[in-house]
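Chains here go by letter, A, B, C, D and E, matching the order in which they are written, and residues are numbered from 1 within each.
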Amino acid sequence: MTYDFQFDAVFASWDYLLDGAWLTVRLSFGAMAIGMVVAILCALGKTSGPKPVRWAINVYIEVIRNTPFLVQIFLIFFGLPTVGLRLSPDVAAMIAMVVNVGAYATEIIRAGIESIHKGQIEAGLALGLRPLQVFRYIVLKPALRTVYPALTSQFILLMLSSSVVSAISADELTSVANNIQSQTFRSFEIYIVVTGIYLVLALMFSALFAGIYRLAFAYTVDRR
Amino acid sequence: MSADVVIRMEGVQKWYDQFQVLKDIDLEVHRGERIVICGPSGSGKSTLIRCINQLERHQKGRITVNGVELGPHHRQLDMVRREVGMVFQSFNLFPHLTVLENCMLAPLKVRGTTKAEAKATAMRYLERVRIPEQADKYPGQLSGGQQQRVAIARSLCMNPKVMLFDEPTSALDPEMVKEVLDTMIGLAEDGMTMLCVTHEMGFAKSVAHRVIFMDRGEIVEQNTPEEFFTAPKSERTRSFLGQILTH
Amino acid sequence: MSADVVIRMEGVQKWYDQFQVLKDIDLEVHRGERIVICGPSGSGKSTLIRCINQLERHQKGRITVNGVELGPHHRQLDMVRREVGMVFQSFNLFPHLTVLENCMLAPLKVRGTTKAEAKATAMRYLERVRIPEQADKYPGQLSGGQQQRVAIARSLCMNPKVMLFDEPTSALDPEMVKEVLDTMIGLAEDGMTMLCVTHEMGFAKSVAHRVIFMDRGEIVEQNTPEEFFTAPKSERTRSFLGQILTH
Amino acid sequence: MIRAFGYNEFLFLLSAVQWTLMLSVIAFIGGGLVGLFVALGRTSDVKPLRLLATGYIQLFQGTPLLMQLFLVFFGATVIGIDMSPWVAAAVGLTLNTSAFLGEIWRGCIQSVPRGQWEAASSLGLRYPGLMRYVILPQAVKVAVPPTVGYLVQVIKGTSLAAIIGFVELTRAGQIVNNATFQPFLVFGIVAAIYFALCWPLSLLSQRLEARYAAPSR
Amino acid sequence: QSVEDIKGKGKLTIGMLVDFPPFGITSSDGKPDGYDADVAKLMAKHMGVPVDIVPVTGPNRIPYLLTGKVDVLVASLGITPERAKQVAFSEPYAAIEIGLLAPQKSTVAKAEDLSGKSVGVARASTQDQSLTAVAPKDARVMRFDDDASAVQALLSGQVDALGVSNVVAQQIKTMAPQANYEMKFVLKSQVQGVALRQGQDKLMGWVNGFLDTVKKNGELNAIHQKWLGTDLPAAVTASKS
């Protein structure tokens, strides 16, 4: 063994790491919340909007899903200033994450909407509800319920992918880890600790989502 | 048009692409009348009643409901749907809402009634279908028969002038058929105008004023239940009744 | 144990968690015997017959099939499943295989017969259920009644000693019920040992040696069909028959 | 010292695509093989297997691929195993991809109706035959669209292999950018190349999904 | 590890940056190139073994060395006391001057003036460390993954100033002449050394001997002329111990 572990350097920067983790959490939650709104609107547009809207949403989804997140972030952070919009790294990171997760979540929610039995919509219409009311009161919640697991993993992926925003100097967990290792050079130890923190965050997210599910979606669907 | 005609269909035709599902349908339903529609699978029964509240659009002919004509371009759709209740084979209760919420949704959002009023109405109809005690359960926790009764109550909460039923008992276990039919008989006794697609011939015999037999998109025969079962006019009716009643 | 007892259940009990589905079931089925099981939904009919080929494990009591005991720890499961055919309410044909392949799969992979032999057997039974001409179609291309007949043929290809049926006609459109029942009657006439959960009382009357009525996990009544329908012994049977037969 | 972005730079980016593709193929083959077992474990009746598979998925889906690659590559050396970047990439990408594919395929296996398992076992088929002849053929049909869709993620994910020294497309973009200082041009081209690689797969996946969703009649 | 070990192994494995022009770049045909590459090749030639150049990045170069994936780093690694705790440095083989680059109209003249301003640097670089050491608390040091990103941040106005080497600063001036960037002050004159794992005194002895030779016989100066257009700076030639 040519390597000797020294974790004290890592733990000396513990506060700094926690700051980074906290920014990761804030970015993830913010992007998730706003991304959900974007995704629901886009999914609605994609399933029942007029043709130009559907077309525009498709372009958005395809471009985002088929290019790397890193490039998207670069374009937002370095590109927007050329049109006069100067954003702080945190805000730019948040926007990039919203744009990114919005595209993925749109497709997920669309699948949920399409999984809703036609009879549900017909029953709503037959009761006299307008199409938007049918969507809002009848389709949306069961649709989210069916795709809840997919949404959950998408959000955890979002949290993990937030590490890429270190490229524009937003000081989230990975960025902090890299900063610390550039000062202490104990990169191996730091990566172990940071991996552990990510795992803990992911587990906490899972638990949180499970809790939300139990509160909001745990109605019985099947008697068995 | 006599005052008490609730539904009038004149020369109604409908296609799916090349395939004609309804061929020149003429039908009048009077206030308080109870009509049973039967016929082989694919004959257009569902399509017929779904045209009445325009879940399906027809391409030719006129449909008038409660004096409002459903033309190919219409704004009156909303008006008509409020007045026409529909009960589906597969219940179609909203799984994420409790029984009570299922019943309150449309009065609240469509009629704009107050919450208290909507709740009172809902409870009244849930009592009517004899499951007020299930009000706070979710549909998934009920048996099929109970679900279908909730579906009937939910429609009644909108206080409709006509009720459409599309094979309301055919997705039910045999023991539950009766409880739903009993509810429907109760409705009939109160004078509700009803159009009912069903193969429950006992029900047809006991409550229908008229039985309509459809085949390949046409109304082949219309008759009183007595005549229909004992002396069917057409050959097609006879052979259909033969299949249904033997086993 | 007399030589011709094919299935013997003694004191069989089964729980789902806290809920007891089968309470102390005793039952003997003799070679060539045809038994119909009926009873309200949730009474444990499916569970009972699914215990026989151990799609469900029982927790207490003994089940012996064809002389092989199915204890809580058993290796004889395979032996038993080869000898017991099962037909489900929802057909459960394998959608990715043609009708012929559906019928050949088990003989090839379980019995290890040759391809030619498996094919010959399959065609023989497909003729028996009167759809040899559909052999190369996929299940999705058949009507419900045809699918269920294929399912019966598929079971027969394993040459079972007993056939179990779990509501084989209740997912079918009314016009198709007859063709499946006819197939089953044919089987009965050939002397197949059969256990059949069904509410087709006409079928029970004409082919069953014995009718068993279950309620809440118990066998409430066993009787010949004549006695069962005309003079049911228990109150519960009477009220059940009342529900089923009136409408 | 700054070079203009020229034909050679473009060629350099293009030739980096081969590493991206090679890494993707490795990830996909390794992840597919292991992922199948993860999926089978996850759907197994045997509780310890199920727990093991669940833990595996949790671990590798819950931590960033970047960290996994780093720890595999440098970690092996630390414990005295000499690890070439190729082996490290293969191991790291396999671990990560198999966790995701395992989870995707679990859903596909479970989407095969219960009745199919029951019908097959009442015909006497045992687990291997039942899986091989009845369940998997049906699950595969459901699995193809999301699997092809996930391939897009794999291709983009290989960019993280830069941390253990691979000059694949993204890293090549960074290198060229450092020599030319033309980020919009360079990353625009990088994005376009990724798009050209990924979009056909996305389309294929949607096409397959649509075909699968269509009634089988 | 000794020179004999490396000879026995058959090749000298050297880590270098490929995204740090002009020290480490990638040539048009995709090979590692630049000042460091030439030094590395020269070193292997003197040792008499083939060279195996491994491209590393700023953040991962030290892990590469410490875990034994490379024998030595010729990776523009500035000699700093912090780093000297982790790795062993040879005599310097190159030097750069790190300074603060900002638009001409900016009033920043010393470190304290950075108060409330944002400064971009390449993460884990010498400028990162020296700037972090002197910047006031309320200055925002923004760390990017490489010089190109940091430079882009300056060009797009996302940072007010840039901590950067004189070499890169020169390039920025030629690239964006209209923006009128100028070096406001020098943060540090930084000499760069070949880095080894600690405790390899024999190998270190050989490396230092090699550097001494090539400094004296002009080979190193030729390389410096080729890539930087000037003679070796005094900081490199002078620090003969």
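One rule holds for everything that comes next: contacts are C-beta pairs under 8 Å (C-beta built on N, C-alpha and C of every residue); 3 or more make two chains touch, one makes a residue touch a chain.
Treat the numbers as computed from the prediction; the structure is a model and nothing was measured.
Chemist: Mind listing the chains that sit against chain B and also against chain D?
Modeler: Common neighbours, chain B/chain D: A, C.
Chemist: Between C-D and A-D, which chain pair shares more contacting C-beta pairs?
Modeler: Most contacts of the two pairs: A-D.
Chemist: So which chain is the furthest away from chain D, centre to centre on CA atoms?
Modeler: The chain farthest from chain D, judged by C-alpha centres, is B.
Chemist: How many angstrom between the C-alpha centroids of chain E and chain B?
Modeler: 82
Chemist: State, to the nearest whole Å, the distance from the C-alpha centre of chain A to the C-alpha centre of chain D.
Modeler: Going by mean C-alpha positions, chain A sits 19 Å from chain D.
Chemist: With centres defined as the mean C-alpha position, give me the chain A-chain B separation in Å.
Modeler: 45
Chemist: Calculate how many whole Å lie between the centre of chain D and the centre of chain E, each centre taken as the average of the chain's C-alpha atoms.
Modeler: Computed value for the inter-centroid distance: 36 Å.
Chemist: Find every residue in chain B that makes contact with two or more other chains and list them.
Modeler: 143 - these are the residues of chain B that touch more than one other chain.
Chemist: For chain A, jot down the residues that touch at least 2 other chains.
Modeler: Residue numbers touching two or more other chains: 2-3, 74, 78-79, 187-188.
Chemist: So which bits of chain D are touching at least two other chains?
Modeler: Chain D, residues with two or more chain partners: 70, 74, 77-78, 183.
Chemist: What chain-chain pairs meet the touch criterion?
Modeler: A-B, A-D, A-E, B-C, C-D, D-E
Chemist: Would you pull the chain B residues touching chain C in the complex into a rising list?
Modeler: 40-41, 143, 173-178, 181, 199-200, 202-203, 243-244, 246-247
Chemist: Any idea which chain D residues touch chain A in the complex?
Modeler: So the residues of chain D in touch with chain A come to 58-59, 61-68, 70-71, 74-75, 77-80, 103, 152, 156, 159, 170, 183-184, 187, 190-191, 194-195, 198-199, 202.
Chemist: What residues on chain A touch chain E, complex-wise?
Modeler: Touch residues, chain A against chain E: 2-3, 74, 77-79, 81-82, 86, 89, 166-169, 171, 175, 178-179, 181-185, 187-188.
Chemist: Under the definition above, what is the set of chain A residues touching chain D in their complex?
Modeler: Counting only chain A, the residues touching chain D are 1-3, 62-63, 65-71, 74-75, 78-79, 153, 156, 160-161, 163, 174, 187-188, 191-192, 194-195, 198-199, 202-203, 206.
Chemist: Which chain E residues qualify as touching chain D in the complex?
Modeler: These residues of chain E touch chain D: 18-22, 25-26, 28-30, 54-57, 59-60, 63-64, 67-69, 145-149, 151-152, 167, 170-172, 174-175, 227.
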